[in-house]
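For reference, the structure I am asking about is given below.
Letters A, B, C and D mark the chains in the order given here, with residues in each chain numbered from 1 onward.
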Amino acid sequence: MSAIEVRGLTIALRDGSPIVKDATFDLEPGQVLGVVGESGSGKSTMSLAMLGYARHGARITAGQVLIDGTDVLALGPRALRRHRGNVVAYVPQDPATALNPALRIGVQLAEVLEGDAKEVDARIREVLGAVGLPSDDAFLHRRPRELSGGQQQRVALAMAVAPRPRLTVLDEPTTGLDVTTQARVLALVARLCADNQMAAIYVSHDLAVIGEVADRVAVMYGGMIVEAGPTKQVVARPAHPYTRALLAAVPSARERMRLTSIPGRAPGVQDTHPGCVFAPRCAFATDECTTGAPSLIELVPGHSARCLRAEELPERPRQSATAPASAVQEAAPGDTPLLRVRDLAAGYRDRQVLFDVSFDVVEGECLAVVGESGSGKTTMSRSLIGLQERWGGTVELGGTPLAPAAARRDPDQRRSMQYIFQNPYGSLNPRATVGDCVAEPLRHFFALGAKAARARVAELLERVELPGHLASRYPAELSGGQRQRVAIARALGCAPTVLICDEVTSALDVSVQAAIVELLRGLLNDGLGMVFVTHNLAVVRSLADSVIVLSEGHVVEHGGTDTVLTEPRHAYTKALLADTLEVSAAG
Amino acid sequence: ATVSCSPPAEPTASTPGGGSGTLTLGVVGSTKDMLYPYAPQQTISEDALWQNTLDQLTAYAPDGSITYALAESMTPNKSLDVWTVKLRPGVKLHSGKTFGADDVIFSVKSLLTEEGYPFASNLDFVKPDGQKKIDDLTVEFHLKRPFGPFAAAWAYSAFKMIGAGSTKDKVDGTGPFTVKSFSPGAQAVLERFDAYWGTKPGFSTLNVHFFQDQTAITNALRGGQINVAPSVPFSDAKALESAGVKVLKSDSMNVLSLDMRTDIPPFNDNRVREAMKLIADREQIASNAFGGFAKPANDYNGASASCPAPDVPQRAQDLARAKALLAEAGKSDLKVELVTDGAFPGMMELAQLFAQQAGEAGVTVTVRKMDVATLLNKWLEWPFIINITSSPMINAITDHLLPNGGNNAAHFDDPEFKKIAGDLFASGDVGRQCGDIQKLQKIQWERGGNLIAVTSQDLTIHTANVRGLQPDLFGRSAFRYGGVSVG
Amino acid sequence: MVAELTGATRSAGPRRSLTRRRSATVPGRIGWIVAQAIAMLFVVTTLVFFATQAMPGDVAKVMLGMSATPERVEALRHQLGLDRSLLSQYWHWLSGVLSGDLGTSLASGRPVSQLLGERLVNSATLSLFAVVLILPLSLLIGILAAQFKDSLFDRTFLWSSMVANALADFVVGTLLVALFGTTVFHWFPPVSLIPAEHMPWWHPQALVLPVATLVIGGVMYLSRLIRVSFIDVLNSEYVEMARLKGLGSARILLTHALPNALAPAVPAASLVAAFTVGGVVVVEYLFGYPGIGGLLIDSISNRDLPVIQAVVLVIAAVYYFFNLLADLLHTGKSGERR
Amino acid sequence: MAFALAGPLLAPHDPAKSIALPYATPGDGLPLGADQLGRDVLSRVLAGGFHLAWMAPVAAIAAVALGALVGIAAAFYGGITDTVLMRVMDVLLAFPALLFTLLFVSVIGPKPWLLVVLTAIGMTPGVARVIRGAARPLNDREYVMWSRTVGIPARTILARCFLPNVSSPLLVELGMRLMWSIGILAAISFLGYGIQPPAADWGLMISENRTGLQNMPWAVLAPVACIVLFTIGGNLIAEGSARVIARTEGRG
């Protein structure tokens, strides 16, 4: 008997539509189960059920969650309360919102522990030490907002492991973190599990992360576990087409690959299919797939998949086409680059954040700007576009210097350089239809009439591979990836020569990221210059021609992508590269 | 002021009978109230104070007749231009001095020369320096011209006597109470003056609370916080009685009149004025605007008790005739604005009801309520206004019906009326005075600018434990405490 | 460079406003706030001064009443100094105020500070009692309604608060007087008679109904806000997290939800405090309570300018203070978030 | 609300006519009795909402429109514009409403439009504060920043980005202000500076008849109930529409 057994777990909304269907898996002490899947596949819902908890509006309708033989779902309210925290602990995705902003760290940590004050205090200091945080009084007296994101995440982790639970559920604990911090957290999780004989369920949409931390992996799609098995095996020989598709979407920092996204959209809770849930998006689907729902087929002991063709698929080779490096040369001497930045300096109030940044971007070139969180990437791109006080240096666009403030630039300059924001949810006016959003610059810059604008909007949507009927939708009705495409379409509507993208994919799933990256690649081929801000080296490899590495506002390395990523010279770049996870590393 | 930490010991309110106890009176008051009687105005709150701290030479009796108070007799010479006034002996001032000729001379001089004291015009026949002290209790008044109704003139409620040497801040009086404390607009505490010459009150302390509106007063009385309140709205009387409050109904000299300016259109045409008078349904006004506490009146100021009514028919509503008169005057679709500050009970109700009745005759009357200051700002300029008089005809004449009267909102200026009034004042014979008054009333009825629809009663409310309050024609039922007891 | 910098400030970063620049240091910020407050009071009193002038009627006519003749009015106006030019009257008043002298009441001839002083204590007591009751009551009701959202209690509360909010203070007051003072029960004095030299708290009975009127209005408004902010907090991730940590519901409510739910409610509370001060005028009128509200009404009807000015100055200052407090608490909070 | 507008047509008697004795108790032909002048309470109640029914919404809408304009402009321009606008609002707030009302009513007369204007101005600062608070975070929204970077004119940004995105607080405000404008208008009537008698008006009725509460409670309670119903009705409409709009917003 395993330490943790989950049997036929089903969670449904009040109206009966299931969010998680018939989830079954086992877990041994010290083992980490990775749960992957696109956004909305039910990962969080399933993992919260380990604590006997369902979010408002949902209900656990069937199944068992046995931990050392006790069914968590059968516990009464009191017992359940004791159980939570002590036996099963939870680490939230976003500690910034999950830690109580009003309470001191010490208080929040002490809450989960029982026993006399001295013991509690000792234990707190011990776990803080274990997660690599200072354990002095000053630290305990801080409030969450006085910590960095990585520190907050480790506090949440400490809070979870402090009562020595049997099982810890980690719901995408590193999604918001930069690679370095992520690497640290992952190592920590692995160590804590091993040291305390604690089982863990690690939720992520990033296969590379799961590959790094998990012993076993469960792939979720449409509320179902579609494939489960030892991590190595699943990554090496994926049996479910969905797993294969996910793997194909993950970029690699080692080689430039063409990324393939999964066509279509993940099913919503209310969508019902008679057949396999993945069938509509599946490259291998047969007629059979649309009629009969497949059950979990065990391929080898411990590795099973929910696919009619599960037996044959692992044998098929996984095609990984290397993408052609776009034919960009360094600008010929004498040529004016599209964008020329010299000694750019910027800061906030009395604090300088950016120091002497210089670079050129030529036609069709993608310049990646990488660096850890807080290194000044956003500050730099904002001062390029004119949203930020510039303290020094010059920015030239097509040979003419740009005024520091957007408002002072002439319309043509404002048109030629466009900015895509990180947050796809904020970049579109929620009260304007997609069509209006995209038409806005057309009206503004080109004074297009309603009809001409409509035609042009359709063209632009086409260009970003969005169906034309979306023009009448509101942003709230679109997925994150779709919104990001609309934002790109809007920028394209200005007919820019330079595009500045600030972490445009970091809020998105890998498969959506793949689609956006491919879209941008297409634009580069059309001759657009691009400044691509990111902390994801794999994306850099997939897309960029040259790279600058920012550390604390200084450019520490600048060169062609291949040079920088294969032979990093600066220690910082080396460290960054070392922390970058690679899905194939597991395989 | 130092702030002590506990309430001062209350005088034991429950001391049984025998002339002790506290009576609490509630009136509408203002922060500009003062104890000094030669004030620019005479408000109900000041009246309550003066009435109880000061006395007059002569006074109105509750039935409207004139009685001697501080004076014992007033005798004229033949030509009616020198009057000898004998004072009541043994009257004590609050300061302990004896009230005498010097005090009278001081008072008369003060009131006639006080800047901004408007009522002096009623005494315009008296010379400020014309008074001679004959002895301690005798003063000789030397007048500017012969004046007959001398005693009546001094009975006007504004002419209080004060002790010689009184100032605005420190007033010495002879009244039934002395002032213990006074904060304008809030409260006054008066204590019985045991050396008072007249009928003494049957309680020792008079507490006067000043309110900002009538409703609060009514509520306070219902809540048992005050014992007596004057001039309650007519419509409240029934509710109050059924709630166990005693209502003292008293006939009154108070008349609300709708004053129409006789000097400008549309009311310079007497046909229009008469039409307005014919529009009023006096029965309905009495029953609905005044809750039944009124009798139809006949467009002239009331007589004093001593003179009979003039020989004119009672006007009643006659819409047909009113319309005909208006048509004749070319004012068939007359539109007028009736202004009022609603400060006295019945004013708003009267205005509304009249407006409603006018509507039936095709006359549009819009009622406009405004605050007192706005009303006073254009005082004597409003073409159509609700005015109030509270004195008998003889005192109303100067003020209300003669050209320069401060209360002549109708701008009534009638040669015949003026002449008769002159005769009246110059005669010393009461019979002739009555005849003249009847003539004047007839003129007022016929062509005056005052629509006087009803004479109302005055309602004083009090708690059941107050005994001995008397009806009073001058609205003083609530302030006259001779023989009144609490508890 | 400097020009570029200021250019950037003006156009690209309007949010980084001059205010912010100026408020970089704490004393600077306080100075700026005080300067604004003084400017505001100055404007308010100036407006009030001229507004009062624009109102028909003046104190001379009011004092003389119906028997005012033009000569008498002129004489009195001269005596009171009303015949001087507006500006000189205003300057006279202003320089008086600046030197701490609020002037003399034209109607009663008493020093304004004396008139005001007595009544200020009364009004302050009334508002203080009301505010002190409003806050905990709103909190209690708001929390209960949020905790038992959609329960009978919650729905009853929502409806009754809607009814109470629909009724202006004067209606609530009138009904309270009728119910508890004059008709049905005779529990409390319907009118607040507080003798001039007495402190209002010597007469707790007299405070009950006016305070209740203010409290009902305030509580019904504020507790709705608290309810909403509590519901938000109860739906927050950190409360969910607290549940997942296995904490008891009392602890969740008091330690986790309360401090956070309070944050948005505090500025609202100080606005309610400001309203309460404003509402005092009506309530004082209704209950014949001898406070500055009554004084204001009285002095307006007397056109007693120095008194009007002084009362307005006090009310505006208090009002502004609470508004400012609300603002500061609010920005303080969003500052924390950043 | 329809009831308030149509009320005058349904009235069985002339609401301004005395047909019975003051405070006559309910009886034949007088289902709710008579008021202090002997007028039919039912007719007056039915007729009394008419003015309120147009004045209150107009005042509320005007206040919300003006307040939104000020609030949005203050939030968008920030800096000195913000400070000046908001301080002007503070001045309006701190200016005693009573004096304000009295001033204009006594100069101009109690015209209905004036009452609407006064009520609207009185409520504007509150709206402006709320809307400014709701609009300020929009400056940090990416779509607003984008509009600034491409140089969309301020007017367009205000109309397209700000206004629609504060519409739910705007509607909530509208509901609240509607409620309050009823209260304020009723209060003005109550003090005697509003709708002038003999016209029927709920606020006026309460003030006229409040002393007769014991004998004839209907004369007060009926208009009170009407004000409550009217307010709640208005509020529900506003809240409902806020909810509908919020739905289109999704989680954006």
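Everything that follows uses one rule, which is that a residue touches a chain if its C-beta (ideal position, glycine included) is under 8 Å from a C-beta of that chain, and two chains touch if they have at least 3 such contacts.
Note that this is a predicted model, so its numbers are computed, not measured.
When you average the Cα atoms of each chain and compare centres, the chain farthest from subunit D turns out to be A.
The geometric centre of subunit C is 20 Å away from that of subunit D, both derived from CA atoms.
Rounded to whole angstrom, the centroid-to-centroid distance between subunit A and subunit C, based on C-alpha atoms, equals 50 Å. Centre-to-centre spacing of subunit A and subunit B amounts to 89 Å, using the average Cα coordinate of each chain. Remark: subunit A and subunit D have CA centroids separated by 49 Å (rounded to whole angstrom). Subunit D has residues 102, 106, 148, 210, 213-214 in contact with two or more other chains.
Chain contacts: subunit B has residues 243, 371, 374 touching two or more partner chains. Under the contact definition stated at the top, the residues of subunit A that touch 2 or more other chains are 386-387, 406-407.
Here the chains touching each other pair up as A-C, A-D, B-C, B-D, C-D.
Interface residues of subunit B facing subunit D in the complex, by the touch rule stated above, are 215, 218, 233, 235-236, 238-239, 242-243, 284, 287-289, 291-292, 342, 348-349, 351-353, 355-356, 359, 366-371, 374.
Within the complex formed with subunit D, the residues of subunit C that make contact are 12, 14-15, 17-19, 36, 39-41, 43-44, 47-48, 51-52, 54-57, 162-163, 165-171, 174-175, 178, 182-183, 278, 281-282, 296-297, 300, 308, 311-312, 315-316, 319-320, 323, 330. The touching residues of subunit C, when paired with subunit B in their complex, are 55-58, 61-69, 72, 75-76, 79, 105, 107-108, 110, 115, 118, 177, 181-183, 186, 188-191, 193, 195-199, 202-203, 285-288, 290, 294-295, 297-304, 307. The touching residues of subunit D, when paired with subunit B in their complex, are 16-18, 21-23, 36-38, 102, 106, 109-110, 192-193, 196-198, 210-215. Listed in rising order, the residues of subunit D touching subunit A in the complex are 141-143, 145-152, 156, 160-161, 164-165, 167, 248-252.
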